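Presented sequentially are two complexes of chain A, the first with chain B as partner and the second with chain C.
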Partner chain A sequence: MPESIIAQMAVSGALMGLVYALIAYGFQLTFATSKSLNFGQGELVMVSAFFSLTLLTLGLPYLLVVPAGLLFGAAVGMAVERTGVRLALEQRSEGWILLTIIIGLFLFSFAENIWGRDDRPFPTPIPSTPFHVFGVDVTPLEISVLVGVLAVMGMIELFKRQTLLGKAVEAVAADRDAAELMGISATRTVVLSYALSGGVAALAGILVSPITTVGPTMASALVLKAFSVAVVAGLESGFGVVVIGLFLGALESLASFYLGSGWREAPGLILLILALAVRPTGVFGKAVIRKV
Partner chain B sequence: MLVVKSLHAGYGLSEVLVGTSLEVKAGTVVALIGANGAGKTTTMRAISGLLRPSKGEVILDGTPVQGLEASRIAQMGLAHSPEGRKVFGPLSTEDNLLLGAYRRLPHLVGFHAKAAPDLERVYDLFPRLKERRSQQAGTLSGGEQQMLAIGRALMAQPKVMLLDEPSMGLAPVIVQEVFRTIARLKAEGMTMLLVEQFARAALDVADYAYVMERGRIAIEGTPAELRRDERVVTAYLG
Partner chain C sequence: MLKRLLLVRGSELVMFALLAIIPLFVQSGYALGLLTLLAIYGILLIGLDVTVGYLGQVNLAQAAFLGIGAYAAGIGVTRYGIGIFTAVLVAAAICTLLGALLALPALRLDGPQFALATLSFTALTTIVLNELEPLTMGAQGLSLSRPPLLGRTLTSRDFYWLCMGFLALVWMGMRNLLSSQWGRAFEALRDSPIATDAMGVGAYRHKVAGFALGSALGGVAGALYAFNFQYLQPHAFVYELTVILLLGVVLGGRKSLWGAFVGASLVALLPNLLSSKTLFQAFSAAGFAMALFAGVRGLSQKSLKPFQAISPIVATATLLVGSMVVKNTEDWRKAIFALMLFSVVVGLPEGLMGFATGFLARLFRVDPPPLPPPAPLDEVLPSRPADGEVLLEIRDLKRWFGGVKAVDGVTLRVRSGHIHGLIGPNGSGKSTVVNVVSGLYTPTEGTMLLRGEPLPIGSLFRAARAGVARTFQNLQLFTGMTALENVMVALRGVYRVPLPLVLLGFGRGEERRAQAEALALLAFVGLEGQARAPAKDLTYGAQRFLEMARALARRPEVLILDEPAAGLAHPDVVKQVEIIRRIRQRGITVVLIEHHMDVVTELCDVVTALDGGKMIAEGTPAEVKRHPKVIEAYLGSEAPGDADTHPLAPEPAGG
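After this line comes the complex of A and B, so read on.
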């Protein structure tokens, strides 16, 4: 039996790791274009989840709640860029770090006041009765996480490669000045990347809520691990976050099983410290080839 | 087509340009020569908006553009092939070219078909780029990257093109090729402002030239006049 328990643990953990990967991917999106990221991303995940829950309790069908939640997250992302990031970047200051933390704290208080401090269930039409595949139990809910994460990441990657607007995003990431000389507004591109990042974070909230419940603190641990995943994979690595996310999720689950649940948070932090000490560009960080 | 009037610009508190004025008439090639640090590249950056001028005017096709964002000025028809080429390394050669035409193309679908004639024109000018169309631009040789930088600027179908040090760091045989290309573009009627270390080659292709010293224009005239000017000959052509 132990093998099957290990497998079960690894699979459920890995699926949770996909949520880290998705939030980490959101970090990458803004870091690529602006070398900045939203340190209040966890609160963005949380308010988007609360917003979606509210729509759901108002009777909106789940299939409409998902896009509405994504749009809400994108809008919050744009607001964060406008209020917390743009001015700092224009002045070439690191002020965005503090400002985005402050916006996160503000969103936290906002959520506590509007929705209260209690954790609430997030009812979804997706069933959570497990079925058996390859000797492990998987719930349709977990499958929805897998499908949701890979679908949205796939769509954004396709957008970046196949549309001229997406290539413009890549161009700004590669060389902001040169992109401006092509008539590409770097400012608007950064706004777009914050919108995408916000939408991605909102989706993470919607996908994870039925498993973890919704509450003001729901995302603080999530986002810390997402940050580990982003740094370990490399802040510019694209799909690398999926590999590291799956790995970290499985590792955590096994650590809490064998060492006790208090050890659940340890692997993420250990990986983060290791990565920063040994390979700050990340496991999948690109070595840029330059000829002069 | 392009008029610059007593332009001041710099980095932080140090002013590099102290009243630069020049003019590029439609259909002509104007060379800007001078020693390292005279302010040639700063002039180019201040014209295209990468650097915000503190004083003075830049007039593109009758419209003042000083103080606008570089992307806005590019959309109005100014293409700047910057010093150091600045190709988008991780993107393919063809993507680099397509981005050159960004202001004229649809941004989601159908941009490839619409850009086809311009791509053909650039590939005709630089057959090497066609061979390397799907290669990452960062892995091209220096000469190929320079061709790409010029091709990318051409894709915009600009009213004025700024070429900053197109020969920098290239083998002599490639430099010749670059200058042949500039001559060909001139014959096609392209308006260009050319910054060059190789003053002799620049004067050969230019209709008019300015010599910069310490942030302002020191000498100006036709290439023939400058070649007779003793100061120019000893400092830049000797």
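After this line comes the complex of A and C, so read on.
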């Protein structure tokens, strides 16, 4: 087995892993403010990709489609928060798990019937002819994933640290009740985090679509791996999801090479269950002290 | 009594009798197939309800266990030629094992992580079933034929009876189990896992056992499923089925055998509902009418939030409009499930049976079975000789949280039969000391001995088993259960009947004994009149007394009371002091954390004062109160010397 092939598999896998990291980052955003996350995030990724594809086929330029897709994702994220999460949070129950699954199911069926069940290509101006760096082939498409993911994560982290609104998000994440007493509306902050999370997921859809094509089931495997990344890294660390995302992407690329493509999804799933067994708070998570 | 027997057991008997004679009248193979499926789904959903209803966790793995059970039976029959009963047993055993293996890591965390782990398990199962082609035949599917039973080929009618027989057995077994200590433990750990551990019941092991049990039922259903369809494909057991099964449990009603049965009928009938357009339209219209009625009523009575009232109306209206507009309802199957499920989860969280039981209970007013007379107190709480020997010894105990030295080298000797007070200003480390002793925290350093034996560290459960019982500063009652059940959960040494016999209904005798003993303990704290009241409806004072009774049910060697008088009104403080005094009379050693100095002075034999995680004084209450360091700790260095004439003000929260 020549090392160059292994390196090639690992690098392209790792770049795909960044997409998982981006979706997992979206989970972290909402988990920080509300201790909840959207179990239908995969469907959100998928409908955002379909929406962007529709805009593209209508003739809108790519550079306009990207922000429009992000806004669409943010809007869907807010809708999910309103219909699926807010009530359960008010009742302090875990009903949001079930409700977000239900909303995902609805979106799936909706997409299936509106856009059809077939996979469709996603045209993009970014070329996919590979070039050679450090002994491996990389396509500009893959580079666009790298740049897109890191840029948007960096921007959100800056937003959280540098702006007043972002600091409100951090405050609610640190202590919801104290933040409310300081005059920050926790509900609005949760809405904001769901909007950001939806936008991030939409971006993941737009970045990955040219590589995987667009179809109703495009994100079902994607989101499972994003869940794995989020749990393995821990639901707090943005840096952690990038590291684990890269690792998992490379790992599964190698697994599908050695074991057969049917086993492609297996490492992420096993990793998730193992992480819960060995380190339930995640590799980069902090231990929680129980209080009575 | 007779009325109860007639209504509750009678309705079950009538249902099973009806189900048993149906095939004598119905000849249609299609109807029989549906009924068989109903029995199989019934077993499957009763299993799912253990995790979703009783443990309160979102379980997305039940479809996977159905698949694993089905394939285990299928492979067993085709490859090894085993019979039907062996196949069911093998399927159940494999699913129990895999269920326990999955639950061990997954149940260490609650909520989303558990749901994610089960979701991953389902996806992983589909992959394995698809990829292990030599064993499962992969995507092309596995064909099998139903093996004969006792040398007799089973007709579809025989097989239906067999499945119903299994459902009846599972139903009876679960009813026996859930009305035993097991059922109470499940309810308790959902309300407060910490208190469940502290009462020596073991939240984690019950969760794992409950999940494994539910998975085993999934396996049984899977084996029957394999013999019913005689053809298996991996994609029959995917995520979508899991969601439909959840729909069944939630719509039928959680924590209810009837609910699981109603849900199973729904899951079995759903495909038919969708295949006929008129039927579906009628169904949607009925749903819309119900949502509209409930929503308007809830809004006018202000019993529902606007969102709760309006969104089911919108969802069912969408369903109704959709049923008119859409040509092929089958295409929109998932959206239809989604809208139905959404309306139910938001508008009818108790499910159909939850709603119906409340209604029926009002209609018939079935009295609960009468309680036995309380057991004599001397049997429940035998007096121990108080020999004054050192019972609990703590040497140089340290517990640091990062850089914070909450407890920094505390040494204590608690003598048998004493009430040992622990005082100190907020943040002095009192609560941390008792949290370490009771096993909530692992000590950073130090030794803890109970009667000279090392005390188990870092586990509430094992510390409780070793003889340490405690109450909590912030009440940790099992709020959903009655006062009597709260005490019954914690009773030590009463439940001896092994699980298989409990399933067969042999646990009732010890159940009566447990009730009698729990009643005696409730009488001990003056709550005998409120045995049937839900814990959450008791007054605050009564809740504090109930926690004492519950801790006493452990028959502890050491009882730790963490601010038992905090927040109590004066008459209740007097009662509480009286109760603690009577506890000492039974020879139980008490460690008392308290801010009411008069309570401490009145009760304690020895008082230890802490400040900044270190011991600053020890002695009789009078000595400690005069100790200059104690006065300094409470009042600052400029304190007047007459601190002992003023009881120190109670503080809202301890350190």
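Definition applied: the second predicted complex is superposed on the first by the 285 of 292 C-alpha atoms of A that agree within 3 Å, B and C clash if a C-alpha of one lies under 4 Å from a C-alpha of the other, contacts with A are read in each partner's own complex, and residues count from 1 in each chain.
We adopt the following convention: contacts are C-beta pairs under 8 Å (C-beta built on N, C-alpha and C of every residue); 3 or more make two chains touch, one makes a residue touch a chain.
Values in this document were obtained by computation on a predicted structure and should not be read as measured data.
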| item | value |
| --- | --- |
| Contacts of A:Ile101 with chain B and chain C, given as first, second, both or neither | second |
| Partner chain in contact with A:Ala255 - chain B first, chain C second, else both or neither | neither |
| Touching partner for A:Pro280 - first (chain B), second (chain C), both, neither | second |
| First, second, both or neither for A:Met16, with chain B first and chain C second | neither |
| Chain B versus chain C as contact partner of A:Ser36, first or second or both or neither | second |
| Residue contacts on chain A - larger count, chain B or chain C | C |
| Partner chain(s) touched by A:Met218 [first = chain B, second = chain C, both, neither] | neither |
| Which superposed partner A:Met182 touches (first chain B, second chain C, both, neither) | first |
| Overlap of the chain B and chain C footprints on chain A, listed as residue numbers | 289-290, 292 |
| Parts of chain A lying in touch with chain C, wherever the complex brings them together | 31, 36-37, 39, 83, 86-87, 90, 94-95, 97-99, 101-103, 105-106, 108-110, 112-113, 220, 224, 227-228, 231, 260, 262-263, 265-266, 268-270, 272-274, 276-278, 280, 289-290, 292 |
| Chain B-facing residues of chain A, complex | 163-165, 167-168, 170-171, 173-175, 177-187, 286, 288-292 |
| Of all residues in chain B, those that touch chain A in their complex | 48-50, 69-72, 74-75, 79-80, 82, 84, 86-91, 95, 98-100, 102-103, 105-109, 111, 136, 138-142, 145, 152, 156, 169 |
| For the chain C and chain A complex, residues of the former touching the latter | 56, 58, 102, 104-106, 108-109, 111-113, 115-117, 119-121, 123-124, 127, 130-131, 194, 239, 243, 246, 250, 305, 307-308, 311, 331-339, 341-342, 345-346, 349, 401, 435, 440-441, 472-474, 476 |
